[in-house]
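Below are two complexes that have chain A in common, paired first with chain B and then with chain C.
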Partner chain A sequence: MALHTEPFILNIGPVHPSTHGVFRIRATLDGEVIVDIEPVFGYLHRGVEKLAEQRTYTGIIPLTDRMDYITSMSNNLAYVLAVEKLAKVKVPERAEYIRVIMAEMQRICNHLVAAGAFINDCGAFFTPFLYMFREREKLMDLFEMVSGQRLTYNYMRVGGVSQDLPAEFLPALRKFLKEMPAHIAEYERLINDNEIFLARSRMIGILPKELAINCGISGPVARASGVKWDLRKADPYGIYDRFEFDIPTGTVGDANDRYTVRIAEMKQSLRIIEQAVEKIPAGPVISDVPKVLHPPVGEAYGHLEGPKGELGFYLVSDGGIAPYRFHVRPPSLINLTALRQMLIGWKIQDAITIFGSIDITMGEVDR
Partner chain B sequence: MKLHFGNGLLKGMLVTIKQNLRHPTVTQYPEQRLNTSRRIRGQELVWNKTRCTGCATCAKACHQGAIQIVTATNTENNKYEVETYRVDTGYCIQCGICVEACPYDALFMGARYEKAKYRRAELVENKEQMADSLDRPVSGYFHPERAEKLPVQTLLVEKINEDRSKE
Partner chain C sequence: MTVALAGKDIGPQIEKALPGSVLESAPGYVMLKPEFLVQAATFLKNDPAMAFDYLNFVTAVDYYDYFEAVYQVTSMTHNHTLMFKTRCYNRVDPVIPSIINVWQGADFQEREVYDLLGVYFEGHPNMKRIFLWEGFEGHPLRKDYL
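For the complex of A and B:
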């Protein structure tokens, strides 16, 4: 006699330690296997896009800090690039170099959090996470030194950066650059051939190349699937065309590939920072920009290769002091669109691993 | 890749033992404190009474609407004075844009950071509470000449190596 069974619906989240914020997965299970999922978000919605329409162009910068609070510096930069395109503002040479250094430091910072949290999701309870936070702390010290805060930097300005680097910044950064490769080697030695980690992450949550392209996925997630797409090379913004670096890609597109791509990207970021520190010129850090900006009527889209993917800001100006429309292309949200296809068919135990390997911040998904 | 079961476990344990024998790098917070950044944006604003002309540029620059400023002519000595200068630190997000906007160098970020209050009404600071004085250290945010007077920031990059050399 056949046993009567029916699908079981399980709610993961919204408040769950492994959902990286307030994300809810409504999973339909057949035994242990995921049949269908429905991602539910919006629990952290703060209306950033509407709020921005009432603020001056400078006043929006602190708002972008609070979108993806792990990568504030990149958010600042992406927004400022959009305004500069809109108002046709030139940026001094030194400011361009400072921006590259900050953006790449932020990338390392984000990948340390992403990789640490991912290993945590795989079952290594918080030990490797804290190893990576140790190095992140050193970077946050440096960010604090230039901007005065540890997470909400508010450092980029339209036409440059808010203040010059302090005298003690570059020596401290050189010290960090010197010791960081040894730390990355330490992570690789401890984690990369750990059999439990490999068993949990290899050939799990495969994202095929075609699906990644079709879903518009960018950043390390797309590169792990073998899509060699990096805006720093494909559409160089700022002065990225002057630096030498590689784009690491994965082969299969599984969770382990996404982790290894992030570790490889950290090394490339170190390479870029080293080149920038060598060549940084003296001079002003901000060009002559009026304190209250009135960009001409028009629209602009500024984007950059953020640590999580393509981060874009779309601005429409009506000639006033505040944008008429402010829209964000958040990499976290768009990378999340493939979650359903990535999860279906896998066991419920793998759901958290796969979800963790995408690396999202809910502050940016909901805005 | 060939996997040997238990290898990773041993390697991990070895690192744990090494870590246990290291000199601790922890600081016992309320008693011992590390120096913060010279540009720290602390939880208060410091206002210089003599330099302020009451132009309200800071209030216009503040996108949170936290600064309230009222100016009037004093009937006694017939001088144009700042009557009210009030900051609701509950609204303030410490972005520092008001300090950057001030054209007369009259507004500074404070360097103090432990400013928790029991009541919301206490978060609103008036002229006297914000005045520039010795017990209210000023941060070097946007004022490099002030930054030089502050102690150098403790950096973890340097602190860990210092602590290691003591072993």
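For the complex of A and C:
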């Protein structure tokens, strides 16, 4: 005789180590199996879009730092790209190269955190995480050299970057570039073939390609599902068309693919930085832009391939010193669209792994 | 390089497929009638020459007299992109049809617009606040919210 069971509601989060911030999954369970989930957002909502409507265009840059605090440089860059599109500002050559170097360093930085936290969720408690933080530390030192900050850089400016690279930066970066491939090989040696890791991640949380596209999912999550789409190639902003690199993609779209795509992207980012360091010209780092911008009346949508996916800013100007409307296209939020479909049918332990493999920052989800 | 399709080229094509659906074909966008929004979105997604399979973002802007919903779509097949809009002149109970059945990516974004601007998306299966709590008064991104 079958045992009669009642569905059971479990709140995962909002304060739980595996939710990577303050996120709540309201899961309906049948035994250990998830039958339905409802994501609950808003615990970190600060009203960035409203705040931005009362600030000057330059004054908004520090606000963007605080959205996805793991990838502040990319946020800065996406925002200034949108303003430059709106106000039609040109960027000097040297600044373009600095931007590429910073954006790719930030991508490595993010993927180190993402991969480390993901392996943590798979059960390798903090040891691999600290291996990855060891290299992230070196990147943060580099960011500190250029911007004086370790997390919220506020470095990009409309028309360039805030200051030139200090003399000690490029030698330190070259040293990092030389050492990093061995470290990536070390991660791969330690993790990739680990039996427990494979059992926890392979064929878990499969995201089909069509669903990924329909849900607007971007970045490594989409590429792991076989969507060969990278804005650096598809819609090259800045000077990305001058660099040689590949777009790593996955085959099945499981949690393991999302991890391997991130590791592969780190290698590609190193390739881009190497080329940029070789070719970086001398010259000014910011063009002649007024302190208080008055972009013409109109609208612009600027986007880039952020470490987590398509990060975009939609700005409407009424000719004043502050944007009339400031909208963020947050990859972290939109990448969660398919979460329900990805989790239903899996056990709770797998839900933690699947959620970890998406890689989100709550600061950007809630803004 | 992604080609940004001009609204003035695409507008007439939508108008041809769905007579009476286009209000304005501006250089940067196509302005659609709200009652034709879902049909036009389906056309843009399924027409082989358009093939807009990817929804970049959905948002809305408060212009005092009306709310303007803004949609940006991309075709990964043809690598082109288009912005289309629709307007709602009712300030008390603004309603715009939901396009969630065309692009599921609109799910959280439409809820966000509802939460912060109070534009109700008809046809969305779970139209409720996303960031603020149930019972919060007002919609903060409206221009008259202080």
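By definition in this document, the second predicted complex is superposed on the first by the 365 of 367 C-alpha atoms of A that agree within 3 Å, B and C clash if a C-alpha of one lies under 4 Å from a C-alpha of the other, contacts with A are read in each partner's own complex, and residues count from 1 in each chain.
The rule is simple: a residue touches a chain if its C-beta (ideal position, glycine included) is under 8 Å from a C-beta of that chain, and two chains touch if they have at least 3 such contacts.
On a predicted model such as this, the values are computed, not experimentally measured, just so you know.
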{"item": "First (chain B), second (chain C), both or neither touched by A:244", "value": "neither"}
{"item": "Which superposed partner A:152 touches (first chain B, second chain C, both, neither)", "value": "first"}
{"item": "First (chain B), second (chain C), both or neither touched by A:141", "value": "first"}
{"item": "Partner chain(s) touched by A:213 [first = chain B, second = chain C, both, neither]", "value": "second"}
{"item": "Partner chain in contact with A:310 - chain B first, chain C second, else both or neither", "value": "second"}
{"item": "Chain B versus chain C as contact partner of A:198, first or second or both or neither", "value": "first"}
{"item": "Partner chain in contact with A:163 - chain B first, chain C second, else both or neither", "value": "first"}
{"item": "Touched partner set for A:301, first chain B, second chain C, both or neither", "value": "second"}
{"item": "First (chain B), second (chain C), both or neither touched by A:59", "value": "first"}
{"item": "Of chain B, residues touching chain A in the complex", "value": "1, 3-5, 7-8, 11-12, 15, 36-41, 61, 63, 93-97, 100-101, 109, 139, 141-142, 144, 147, 152-153, 155-158"}
{"item": "Chain A residues within the chain B interface of the complex", "value": "55-56, 58-62, 134, 137-138, 141-142, 144-149, 152, 154, 162-164, 166, 168, 172, 175-176, 179, 189-190, 193-198, 291"}
{"item": "Complex contact set, residues of chain C against chain A", "value": "1-2, 28, 53-57, 59, 61-62, 70, 72, 76, 79, 83, 103-109, 112, 116, 129-133, 140-141"}
{"item": "In the complex, chain A residues that touch chain C", "value": "41-42, 45, 47, 49-50, 211, 213-217, 227, 229, 234-236, 241, 299, 301, 303, 310, 312, 314, 316, 324-325, 327, 329, 333-334, 336-338, 366-367"}
